[in-house]
Each structure stands twice: as structure tokens, then as C-alpha cells.
Amino acid sequence: MLKNLFMTAALAVSLSAGAAHAADTVKLADVAELSGAGAAAGAVWHDGVKMAVEEINADGGILGKQIDLVAYDSQTDPQNSRAMVQKAIDEGTYVLLGTVYSSSTVVNMLVAMQNGMPQITGSESPTITAKNNPYIFRTAFGAQKGLPKLAAYLKNVVGAENVAVVWANTEYGKGGHDAFASVAKELGINITVDIPTEQAQVDFAADVAKIKSSDADAVFVYLTEEESARFLIEADKQNLKLPTAGDTVLASQKVIDLAGKAANGALGHVGLTTEAPIPTIQKMAADFKKKYGYGADHNAIKGYIGVYMVKYVTEMIGEFDRQKFADTLHGLCLDAASHPGILMDACWDNTGEMSRASFLVKVVEGTQKITATLPAN
Amino acid sequence: MTPKNIIFAIVAVGLLIIAPLGQGNYITYVLCSWLLFSIAAMGLNLTLGYAGQVSLAQASFMGIGAYITALMTLNGIHWILAMPCAVAATFFVGLVLGYPALRVQHHFLAFVTLAFNTLVFLAFRNEEWLTGGSFGLVGMPRPDFWVFSTMKQLPFYYFTLVCFLISAAAFWWIVHSPWGRAFKALRENPIRANSVGVDTRRMTLLAFAIGSAFGGLAGALMTPLVQFIEPGSFALVHSLKLLLMVVVGGAGFFFGPILGAAIVILMPEVLRFTEGYYLIIYALLVIVLMVYSPTGLMGLGGKVITRFRPQREVRKDMVQGAQL
Amino acid sequence: MSETILSVRNVSKNFGGIQAVREVSFDVKRGEVLGLIGPNGSGKSTLFNCVLGQLKPSSGEVHVNGRNVAGMRACDLNKLGVGRTFQQLSVFPQMSVIDNIILAGQEHHGTMLSRLFGPSDAGLTAEAEQMIAFFRLSHLRDELAGSLSYGQQKLVDAAMAFMAGPSLVLLDEPAGGVNLTMLGNLKERLKTYNESHDTTFVVIEHNMEFVMSLCSRIVVLAEGAIIAEGTPDEIRNNQQVIDAYLGG
Amino acid sequence: MPEFIQIMISGLSAGSIYALAAVGFTLLWQASQTINFAQGEFVMLPAFFVLALMSFAGFPLWLAILAAIALSVLLLGAIFKRLIVEPMISHGTLPLVIATIALGLLLKEAVKEFYSPLGQPFPSLFPQEVFVVAGASISIPDIANFIIAMGTIIALQLFLQRTRTGRCMQATAQNPDVAQILGVDVKRMVLYTFLINGALAAIASVLITPVYLAKFSNGEVLGVVAFTAAIVGGFNQIRGALVGGLVIGVVDNLSAIYFSAEYRQAVPLILLIVIILVRPQGLLGTAEGRTV
């Protein structure tokens, strides 16, 4: 026990010593899901962050200072993420990047707020920006912004009146489910079957069978990547002919890779996609693929954009000041023409929510096809 | 207590008092979480290490304690009233979980408690009207004691430390009382214990109940520390983590779980330079430790001491420890 | 006439179709040392377990100090004044000798609460030390019981059975596996204890020599029924007993 | 009604694969009192052997599968026994439980770090054709999985009952001391058990992964299913584990539809608790072999 106390003490000393050296660098902390259930999302996000940092450093850094990127592993554990955010703040980070999982962000954003620390998150849960936290900023708009677009599409274009909802019974899935349910109510869409599923569920036979025997005329899927793919595979096997729609995840390249031909026909409303007909995004995706050997996804783009948000806003205010950073970013719009790292025109409101154009996509023969570009709302 | 023990205890408490001074909030937070996991691990050590009853449900008791405390403090009831309710509730739930132990032992008991933990997790997640479901509960206040506010990290540490010291003293007292002797007897030879008048049924239930109550207290501390609780924090994997703390530290030793909690909580820090590989290294170290010293680090320490001072022969039965 | 401590009344025990014990009756009086012998499969162990309350007789009753013991838990039987030893080694190996002995007495002192809040030895250290001294184990007081030799552990086992001051002690093959020197020591101690405390013993044993020299009365079982009863000398010369052992 | 038939069929297909994992779990317990908390990871891992052999060594699928089974027998069987179980067997079960928990973590993290944190598609072994029978869809993989899993378990059962080695293994499982006296090479028989477990895990892995996808975290779910199935069926009987696997597969699906999707995980666990308390030897187990 004593030995460990000393260890802790020694560790703290070495850490504060490290902070003292940081004269010509600026510290940037990325707290992400590098292990645990969220590792798939967090690791890709972190790679996006790393790539942006390297680009910026090669280009002279921020206000002449090189970025010193420090990674913190939340282990996909909200409590641990809170500790890591605290640690990043203790170690003097300028701005905080992360986390991706909403369940973690909801917790650690309190710590960032208490410390007046701007935090740029990859979470898309509606609750994040509903808490009047003046230091939280998104890199992708919340589900409550995307889902009305999707629900309207389901009702008006697909003509669905009775929708089956399949969702992951986690903080993430529950957020999407609730947001969709309230939109559906407004639009007069009837949710006929409501199916919560387990995290990391492998067997979707019962869920698909239940939808099949219902009177649903469309399916809304709000699951993470592997589960989406498993659902699509099972739906294909049981010959579920209904139009299947989801958010970014369902029509993402990862799900297409996993589900194979079963993914064909899946509809998605995506905020960010490497398939977007936008040169900056396509260049970023190509660079990413070259650098890491696998394809970028929306999480990579979010991480990438997050770092550039730090660069552009800081250069706008001309100094490393956290309070000014947060104040400036509220109500700010950045256009991609003069800020290429932001990739697409984007605006942030006073809650840190962002708006940006988005895309409706359909999976056709194993690739994502953009069927419509929807304006920012 | 021998004079040597008293001096040791005073030095240890002194170190605990100065430990967070001059440290950042993060280190203080980690120390708080070490103390509270030590309390939970101590409870499991009573059930498992002393009384020999396998429980893979300690995290669920932390959860029950944490949710009760959260719901009460969110409704304006002071922590000092909420905590006893949490402890009492976990005591009684622990008592109920003890009943299967009267029928089955060893691995069967492990599986019953494991299933219990998952059931509790499902209830936390699904009973949204009460527990907030997968969104969890947020914004629980940290308690004030007249002029002493625990809102800031350092005062909260001392608040946690006081709870820890009271728990440790209570634990020490229990395991050195005739009850402690009866618990050990239950672990070593329940049939013989029964035949010398130990009411093994009652002691088994008590071992579960008391161990669980410690878990409940740890949960009651976790609520104001993290100020956010969600079902995932009390899932099965956290019970396994607590089991790891107890066994890696040394089951059946007073300091075992405290040491084990320190290792489990601080290990990611120490191994951070290895980046993504720390869990791999950690897992390997645990396997090697178990192969070399099944009695955990306390046993390992004992081995080293006997190697240098071989007055007492090492006994075969020493290595046995609590058995599943 | 001294009082009856143990009374076995018409006890039968069936397992399925097999009658392991048939209509067995005997009484044991205070201070007596009763030997229970018989060839393998004669029903000794079944009868023993009926006396211990572990098995419920199919018919008949067992009374200890006037109480029916059928289905009684071992700890309640112990509180009724019945101590026992075990055939296999039965100490608490990772507890010290003194702790083993204190444990055997502590449940008879005070209440549940006093055992939690009271002194850690339940006030029994002196008494336990006396017991250890009686069995000549004082030099091993603080050793772990599991580190003792086989014979020493048998002595600890016996000391535990006596610690609560029982009126009846059931000894299950006390001589099994004990070497000759130790055996003499054990027998002598048991005899001394019996004489000084007027404690009743019931002994199951295979070692004839040991039984004959320890017991004041012997009951012989064969095929579940009593075939003879009497003093060691009577039993030694009983033709039926000789036949049962030799002829089977 | 088609819904009911559908989930019975899907449940049996999934359950037959759970049974493979459960049988291995049971075998290890019988032969060496090892409670393998890494059993789920044992089923997760061989699929990655196949993927690695295909992408890095260029093996065709069939060869990769054979090589993966061989690798599993070696690594998850022999090496696991030699390096982890053997040195700890005398320490009692608890340290071994901890070690297998750590081993599960090790395998999971190693796959994540050295292969990929992302789920991977896995080539299908059979044509994906689907028949519709009485309104329920039955695919060729469903049928093939069921037949292969059942065939494997029946073959194993025959091996244990009809061959000399098999009978020696059973004798070892029931009473190693007596087996030793009878001249059985107990150590070798225990080793065989571990090798068989490695092979069973590999077969389960190859059958289950085309549907469940290869992901480092798959073991968490499969491990719990395996021991639930083993206990529900009967810890000391191979056919018990078989029935347990099928029961869990079907019950899981039934409860998702007819009971509550939120509590679908709870039903097999409640079944587990009830079985342990009421009939600890399991549905098919025999009481005398019970080790409590």
C-alpha cells in the first residue's frame, strides 16, 4: 500500500515536470475510447485527430506553436473518462478533444465545465447540448437534428406510416430512439414495434421475426456497426422486404463491408461520409487510407475536424485563451473555402450544437450512393 | 494490537493524510476512487477470503448502494441519512443472496452470484422510471457537514478517508472477533465448524450480508464522488475487477484487497507508457502472479520474506487459500 | 442409578429395500464409555449418524439428555452437550492450535452480539490453554493446526470435542492411523478425562485392543442388529461375536 | 405461427453451436476442475486465425480452417494446459479462475491490438440459399451448422463410449485416483481433454462467425452462454451440455419475442439460478457425479 502511494507521488512529480517544458508547444488532450466496447469508434476518432495534428504541425502549428498531442484512454468507462478528463486538465491541456461515446461525454463534460475547459466532442446524443454547458462543442450535429430529416423522408418519400424501431438499449441507442419517437409523433408516424436490443447482441433472429409478423411498412435501425450488420444479415435471411433506414451508421462503409449484399437497399441519413461529393473530404479520406491502411469513417472525420476547429478559432482570437475560445466558437460559422480543414461549411450555436449540410444515402450494390444533399438545419 | 502494529497504523494513516497534498485534482480523484474500491474489496474479502463464499456480485451491491444514495440525495435528503439506508439495504439483499450459498457451493455459487449481478444490472437499465435507465442519474450533490463542504476534491478526499478508516477499523474488529474466527472456520472446514456449535447457516448469511454492506457503503461514496451513475458501472465486469483486486492483493489478508485495489486502479497509470498494450501486459502479469503465487501479492511478500529468513518452514496448506 | 444420557429406542433405518439398522435399542448412562463395534457393513456408521441427527431413523427414536435428535443440526446438537471427533482429520488447518480450541468453545459463551463486540477470545484463552496443556500440546500453542503431525492433529480434534464441556462425546475411530506411542497417549488422556469429568463416551473403533482397554461396556452390531452386549471380557469370549467377525 | 417456427429453427441452429462451446466447458471441468472463464474468447479467437491465415499467408478458406483448428488444438489446448492450468492445478480453483479471467482479457486485447478493433466479415462456408417452410425461412447454413454441431458432439460421445482411449478419459473424469490405479495414463487423458476443447472451440468459431462476424469482444457474450448452457443441461454429461445449448438458444429467442426484449438476457439466467437451486445436477445430469 505504501509503495503504491509513493508510486503515485512520484508519478505526479514527473507529470508536473513534463508540463513545465511546454514553452514552445501547446498541449492538446484527446480523451477517447481506446479500449473497451467503444474501441472501434474511439480508435478511429483518435487516428483522425492524430492525422490532423501531424498536418498542422508540419504546416507550422498553431500560432507558431507545435501541438503536443496526448492520448488518454477512457476504457469506454464513464467514470474512468471523468478521471482522464480531470487528468488532462491537471496536465494543462489547452482544449479537450473527445469523448466519442455519449455515456462518457455526459459525465466528463461536467468536469470540463467546472474547470472552464472547452471540450470538442464526437458524441451525437441529443442530451449533450441540452444541458446548457457553455464549454461543449460538437463535431457532428446531434441526433435530434438529423432524425427529423430522416423521419420526413420515411414519411414523404418512402410513404411509411407504421414503422418498426430497432435500437441498441444503451445510452447511445436510447437517445436516438427517444429522438426518433418524438419526431415520429409530430409527423404522425406510428411506431408499431419497438425493439430494444442488447449491447453486443449477436442473435437477431427473434427481433427480425417479430418485425416480420407485424404490420410495419418500414424499419428504423439505430444500432452500432456490428449489430447493424448482424441485423441486416438476419433480415436478408428471413427475407424481410421492408425499407430499412437508419442514421450515419446503418449505411456506413463499415456496415457494408460487414453485411455484404445484405446491406443493399439500406437507407441512411448521414452527417459525414467519405463518399460525399466534396473534394476536401475525399482528399482527407484518401490521405487517411494511405496513412493508416484502412478507410476513414465519420468518426475519423469528426476527430480530424475537431483539431482544425482548435486551430482556426485560436488563430482567430490570436492567443491561447480558453474562455475566449469558447466565447468565439459560440455563434461562429466557418466556411470550408477559407478553412479547408473544416471540410464542410459549419456553424455552432450558443449551446455548442452544430449545423451542417447532410446527405441521404442508399446502399446500392455494396457502395454508398448519395441520393440527396440536405441543407443545414 | 501489538505496539509494532500500532506504530504501523499511525504511519499509514499519516501517509494517507498527506498523500493528496500538493497533488492535482486528478491524483486526488484517483486516490478517492482507490479508497472506495478498497472498501468494496474489503467486503468481498470478508465473504470470499475469510468465509470462503464465492461472490461475483460485489459490483451489484455497489450499484444498489449508489442508486439508493443517488435517489435519496437527489430528493434533498442528506447523505448522512442516505448512506445508512444504502448500507442497510445492501445488508439485507446480501442476506437474501446468501441463501443459495446454503444449498450450493464453489462454482455453482459463483454462477448464481454472477447471474444475480447481471439481473441487477438489467433492472438498473430497464426500470427507467426509477433509475433513469441507460442515461443514468446525474448531478447528485456532495454532502456538507456544517462548515465542512466536500464540494472540492481535497475535502472530499478527507471525507472518503474518514469513511475508509472507519470501515477498515470495523473490518479489523470483525475479523479479529469470535465472528471472524467462525468465518475462517466456515472457510476451512464447515462440517467441523458446525459440529463445534458454529451455526454455519447463520454465519454464511452474515458473511454475505456484511460483505455486501461494505459494497453498499462504497456505492454510497461513489455517488457523490462521480456525481453520475449509470448501469454500466455496475456490470459483471466490475465484479470480476473486484474479484481480481481481492485475489491479486491476497484473499484472506487484511491488507490484501487494499493493495489489490491500488494495483488495479493505478496499473493503467504505471503502464501508460506502453500505450495500447497495457491491458495485455496487465493480464500477463496477473497470470504470472497467479502461477507463481496463488495467494496474491501478500503471499508473494511472505514468500520473499521466508526466502531471506527461513526460520519457519513453508507449509503446504498455506498455499491453499480460499478455494472455489 | 445414574441418569441416562443417550437412549436409542428401537431404531431401524432402511435405504430403499435394504435394512441397514434393525430394531436397535440401548442406553448409555452418565460416565460410561460405550464401544460400538462390528464388522464392515454391520450398520455402525448408519447408527452413528442417526445418533448425530444426520439421518432420520425409519422408525424408533434417539434421545440425548431426553431430547429427540432426529433432524437436529450439528450445531444445535453440540449446544445440547454433544461433542464429537471425526474419522478423517478434522481441524482448521490455517488457524493456530489455540484458535482451534477457542473456536470450539466460543459458541457456548455469551450471545451473538457479545461475540461481535466482546473480547476477541470470548474470554476463553485461559480455559483453552488448560485444555491444550491437558493434551500436552502447550509447546504447539501458536502453530498452525495444519502443520502438526497426524497424531497431534487427532489430539487437537479431541480437545475441540471436549472444549465446550459436553455431557456426551462421540468418538469416530479415534485410533485410526495413529502410531502406537501416540495411541497410548490418546487412550490415557481420554480415560483421565472420562474419570475426572464424568463425561460419557461412545466410541466407534476397529482397533479391538483400543476398544477393549478403553470401554466399560461394548455393543456389537452385525447385519444391522445387536448380537451381543456386555463388558469387554464378556465380549471377548462371546462365540457369536467371534463367528460374526471370522465367519461373516 | 410462422414466427414461432422461425424462432424455434433459429434458436436450434444457434443453440447447437452454443452446445459445442458448452461441451468443451464441461469436459474441462470434468477432467481438471478447470472453470474456464476464457471459454468465450476461445470461441472468438480461431476465426481470427482463419482470417489471418487467409490474408497474410494466402491460404484458401478450407486450408485456413484446418490450420486454424490445428492451431487452436495446439494453443488453446496444449499450451493453455501446459503454461496455465498445469502449474496451478494444485493451488485450488480460485487462482485458476482469476488466471482464466486474465487470459480472456489477454486474448481479447491481443486480437484488438494486433488484428483490429473493428468487426470483420467472415467468409461463409455454405451457399446462402434460403428455403421457406411453413412461412419460416431456413437457410442452408442453419441446417449445416446444426448437422455439423450435432455430428461433432455425437462423434465425441461415441469416441468416449466406444474407444479404449475414450473410456479411459471417462474413467479419469470420474475418478482420477482409481483410473491411475487401473493403469490409465491420467495425465495424457487430461491433455486429450484440453486438445478436444481446443478443437471444439475452433469448430464453433468457424460455424458461428459468418453470422456473428469476427470481433474481439464476441467472447463476452459467448462465454456466458456457454456456461449457462453447461449448467442448465448438466455439468457432468456431454448430452446435458448439448441439451443445455439447444435450450438456451431457443429460450433466448422465445423470451425476446414473448416475454420482454429488455429482459431477454434475464430469462436464461433465471433459468440458471432455478436449475442450480432445484436441480444442481442439471436437466440431464446424474446426481452422483455432482461435485458440490
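Letters A, B, C and D mark the chains as written, and numbering starts fresh at 1 in each.
In this section, a residue touches a chain if its C-beta (ideal position, glycine included) is under 8 Å from a C-beta of that chain, and two chains touch if they have at least 3 such contacts.
Keep in mind it's a predicted model, so treat the numbers as computed, not measured.
Chemist: Taking the mean of each chain's Cα atoms, which chain ends up nearest the overall Cα mean?
Modeler: Minimum centroid-to-centroid distance belongs to B.
Chemist: Between chain C and chain D, what is the separation of their C-alpha centroids in Å?
Modeler: 49
Chemist: Can you give the whole-Å distance between the Cα centres of chain A and chain C?
Modeler: It comes to 73 Å between the two C-alpha centres.
Chemist: Compute the distance, rounded to whole Å, between the mean C-alpha positions of chain B and chain C.
Modeler: About 41 Å, centre to centre.
Chemist: Mind checking the centre-to-centre distance between chain A and chain B? Centres are C-alpha means, answer in whole Å.
Modeler: 36
Chemist: Hey, what residues on chain D touch two or more of the other chains?
Modeler: 109, 220, 262, 265
Chemist: Spell out, as numbers or ranges, the residues of chain A touching 2 or more other chains.
Modeler: 35, 169
Chemist: What are the residues of chain B that contact at least two other chains?
Modeler: 125-126, 276, 279, 320, in rising order.
Chemist: Touching pairs of chains, which are they?
Modeler: Every pair of chains in contact is listed here: A-B, A-D, B-C, B-D.
Chemist: Given the complex with chain B, which residues does chain D contribute to the contact?
Modeler: Its residues touching chain B are 29, 35, 83-84, 87-88, 90-99, 101-103, 105-106, 109-110, 113, 220, 224, 227-228, 231, 262-263, 265-266, 269-270, 272-273, 276-277, 280, 291-292.
Chemist: Sort out for me which residues of chain D touch chain A in the complex.
Modeler: Checking each residue of chain D against chain A gives 2-3, 6-7, 10-11, 14, 109, 112, 116-121, 128, 130, 132, 137, 139, 211-213, 215, 217-218, 220-222, 249, 252-254, 256-257, 261-262, 264-265.
Chemist: Please name which positions on chain B make contact with chain D in the complex.
Modeler: Chain B reaches chain D through residues 48, 54, 100, 103-108, 110-112, 115-116, 118-119, 122, 125-126, 237, 240, 243-244, 247-248, 251, 276-277, 279-280, 282-284, 286-287, 290-291, 294, 319-324.
Chemist: For chain A, which residues are in contact with chain B within the complex?
Modeler: Per the touch definition, chain A meets chain B at residues 1-2, 4-5, 7-9, 11-12, 15-16, 34-35, 71, 73, 75, 77-79, 82-83, 86-87, 89-91, 103, 106-107, 110, 127, 169-171, 173-175.
Chemist: For chain C, which residues count as touching chain B in their complex?
Modeler: Residues 73-75, 77-79, 83-84, 86, 90-95, 99, 102-104, 106-108, 112, 115-118, 120-122, 144, 146-147, 160-161, 163-164.
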